[in-house]
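Right after this note come the structures.
Shared chain: chain A. Partners: chain B in the first complex, chain C in the second.
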Partner chain A sequence: MNNHRLLHFLSSLTVISVGVAMLVGLSSDWGTPAASFAAFVLRLVTVIAAVAVFVGVFNLLAVHLGRLARSERGWPYSLLALLTAAGVIALRILDRAEVWSGDLEGEQMSARAFEAVQVSLESALAGLLVFFLVYAAYRLMRRQVTIWSVLFTLAVLVALVGWIPLEETSALADARDWLVRVPVSAGARGILIGVGLGTVAAGVRVLTGQDRSIRG
Partner chain B sequence: MIDNSELIWVVVAITFAAMMTGRFIARRFTVRLRPIRAYETLPVLAADAVESAKRVHFSLGDSALGSASTVTALVSAEIAYRMSERLAISRQLPLLTLTSPMTLPLAQDTLRRAYLYRRTMDYYRSSTAVWYPPGLAFAAGAASLSADLDADSNILLGRFGTNLALLGESALRHSQTVIAHSDLLEGQAVAFAQAREVLLGEELYAGPAYLGGTALERGSVLAQDVLRWLVILGIIAVALQAI
Partner chain C sequence: MTPENLDLIAGWVSLVLTLLVFSYLLGDNVLYRLAVHVLVGVAAGYTVIVAAESVIKPWLDETLLAEANGRAEATLAALRVVGAVPFLVGALLLFKVSPRLAPVGNLGLVFVIGVGVAVAIAGAVAGTIVPLARAAGESVGEDTADGLVILVGVITTLIYFQFFAVARRGAVRRPRLLRGLSAIGQVFVTITLGALYAGAILTSLTIFSDVVRAQLEFILDRLGG
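This part shows the complex of A and B:
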């Protein structure tokens, strides 16, 4: 019990002291000891972030290996993920070794594979998003008709129809422009200010060592 | 003229003072927070998941320690912890997905602490906190994993873009409940359209106060309100000055 309390005390002390030192450092003039300390800690974080990517990849591989070993539902996808990961790592190693010859000489095959698979897949999925959103608006109206769901659906309709390049819909295009410029802009700012205020309040809670996530 | 660094200290000082006053009030009087349906639903979802021996999928999205969304990640993890405390009596571990490898230890520790608290560490496995690469790859991976594990509900709190639509769509197809929030506008819009209950803007940061919060957490909700009114008064004053 005493060890636990000591751990709580030390972790709270570390968070408060580093947090306050960073706050002082980031608001100090460049070149002062406090600013140098803040810059040093930020560099440290960058290095840790780079190492953490390895941890992330290792975690992903471990999760899929586990699913494969236990033959959980969807294990073929896990197998595919593992084989793809191994393939891309192998390609990267071959790229670094500059083994490609002929037409492929000097090419980065891992980057090509990324462009060919990942980028095109992401673009295709991004294209589907608009249909998801329209369907979501339809479902929202089916689930519960409130003033807010009606407003949302009307805004979606005005925005979508307003994009149609026809003379007959020019009034809707103007309505769309007004919608984006006035109520959407005001609402967006309101939400962002709210997020900012929430961040400040929660940040001060962390700085005072009251956030439980920092304790052991 | 106040420069940025002075303004930061002024804001921190006002927030701290408001928070301490809020804590004082919360300790001596009964503070009634306005009802937020998402926070009323969360404990019910946890109870349903335990009773039906199903899993709950939490996602922190792109919120990450060491970035602009650090506080969002911490608060989302704290809400996941409060929920995991309730779920830790079951052998069905919650699933926690995210895109930031820096935040992975926080996610694992969040679940570990919940199982440690319930003294059910035998059930705990660190592999239920899962990292995916960011973007649509995350949405596709997390959605399929949640569907494969037959999760009862998806609680998506943190930083999401439009890729939230993929997660939401998959959840709705598999009859899973969705509770969502995003500190990005596009994600917030998708959350509003798809989620059964949505948390708007600053409501996420009040989460710990609603889920069995301490006096200080309830005090920080008061601090948020004080800051909000100061901003409103500031905007009105600037607008009047401009006329």
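This part shows the complex of A and C:
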């Protein structure tokens, strides 16, 4: 119990001291020792984040390997995920070893695989989203008609119809331009400033030791 | 094997994967799940590659595997000690696997949180709050009517998101003035979310038409020989 209290104390001490030192460094002029310290710590954290990414990916692969080893339901999907991950890494290693010869000399197979697989899948998933967004807007009006849902739908319609490139709809295009320039700009600024204020408030709570949830 | 053959294979792979993803329009099915797991595997592989090549390898080259290049022995030793720090902190994260040893793992995490909090505060103040508040104020000078609408919109949107309330006759409610201003703020928030939603629809529609065009071009090229 005492060891845990000591660890909790060390955690609080670390987060407060590192946070305050970084704030001082980030608000100092470029080239000063405090700013150089902040830049160095940022580099250190980037490497720690990369190591954490490694830990996370290996954990993901270990979970899939476990499902495969125990022949759990859906194990073929896990096998596929493991094979594709291993395949991509193997392709990159072969690219760096420059093993491709003949017409394929200098070819970056991993970049080609990225284009053919990841870009295709992500584009298709992003394209698929249009059906669900339109269906969700339709469901919104079917389930409950309130002043806010009507206003929301009107804003969606004006913004969408305003994009139609027809002379007859130029008034709607003007309405869309005004909508985006004035009320949307105001709302977006308000929301972003609110998010910023919330970030500062939550950050100050952590740095003053009021928020102790970070100790785990 | 020629680069043209590789293009052809890549085209077929892309077409098949696109069709697997679009099969979700018929409901959740085996083909869609296959595509998603391919994405998980490929994304995991690329994440490891990018982390290793862009961050970890340069760091190792500059610190742990750095060459002497006329540096003093003590400097080189210090460089190697510093180079090992991120890996030690990363190793601490492994302790989080065990509930009993998790607080030890937190020591590594709190270092990252401390830096993250400082960066978030500095970024929010210098990159969001000050520039946006200044822009809202300046908009009044550019066009008085629209500028005032923007200023009122920003202020009432902020009021909409705050929840100071007082207890009166047993009920906890916001003061009447705040409720009125909050309702105006809600109008701005609703219109903003509606316009952003329309933007999301337009973006995904553009991507969808681009994907369909690219795949149709590939099929027509194959049919045309």
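Observations on the model:
What we mean here is this: the second predicted complex is superposed on the first by the 207 of 216 C-alpha atoms of A that agree within 3 Å, B and C clash if a C-alpha of one lies under 4 Å from a C-alpha of the other, contacts with A are read in each partner's own complex, and residues count from 1 in each chain.
By definition in this document, a contact is a pair of C-beta atoms (placed from the backbone, for glycine too) under 8 Å apart; a residue touches a chain by one contact, two chains touch by 3 or more.
Note that this is a predicted model, so its numbers are computed, not measured.
Once the two complexes are laid over each other on the shared chain, residue contacts for A:111 go to neither chain B nor chain C. Using the contact criterion defined above for the overlaid structures, shared-chain residue A:15 touches chain C, although it does not reach chain B.
In the superposition on chain A, A:99 makes contact with neither chain B nor chain C. Of the two partner chains placed by the overlay, neither chain B nor chain C lies in contact with A:164. In the superposed pair of complexes, A:191 makes contact with chain B and with chain C alike.
In the superposition on chain A, A:23 contacts both chain B and chain C.
Of the two partner chains placed by the overlay, neither chain B nor chain C lies in contact with A:69. By the touch criterion defined above, A:139 reaches chain B but does not reach chain C. Contacts of A:210 after superposition on the shared chain: chain B is touched, whereas chain C is not. The partner that reaches more residues of chain A, of the two candidates chain B and chain C, is C.
Residue overlap on chain A between the chain B contacts of one complex and the chain C contacts of the other covers 23, 26-27, 45, 48-49, 52-55, 57, 60, 74, 77, 118, 121-122, 125-126, 129, 133, 137, 152, 188, 190-195, 197, 199-200, 203-204, 206-207. Contacts from chain C toward chain A in the complex involve residues 1-3, 6, 9-11, 13-14, 17-18, 21-22, 24-25, 33-35, 37-49, 51-52, 55-56, 59, 85-87, 89-90, 93-94, 96, 102-122, 124-125, 128-129, 132-133, 135-136, 139, 146, 149-158, 160-161, 185-205, 207-212. Looking at the complex, you find that chain A touches chain B at residues 23, 26-28, 45, 48-49, 52-57, 59-60, 62-63, 66, 72-74, 77, 118, 121-122, 125-126, 129, 132-133, 135-137, 139-140, 152, 188, 190-195, 197-208, 210-213.
Residues of chain A touching chain C in their complex: 4, 7-8, 10-12, 14-23, 26-27, 41-55, 57, 60-61, 74, 77-78, 80-89, 92, 102-104, 107, 109-110, 112-118, 120-131, 133-134, 137, 148, 151-157, 159-160, 163, 178-197, 199-200, 203-204, 206-207, 214-216. Residues of chain B that touch chain A in their complex: 4-6, 8-9, 11-12, 15-16, 19, 66, 71-72, 74-75, 77-78, 81, 100-102, 104-106, 109-110, 127, 129-132, 135-137, 139-140, 144-145, 148-150, 162, 165-166, 168-169, 172, 183, 185, 188, 190, 192-194, 200-206, 214, 216-217, 220-221, 223-224, 227-228, 231.
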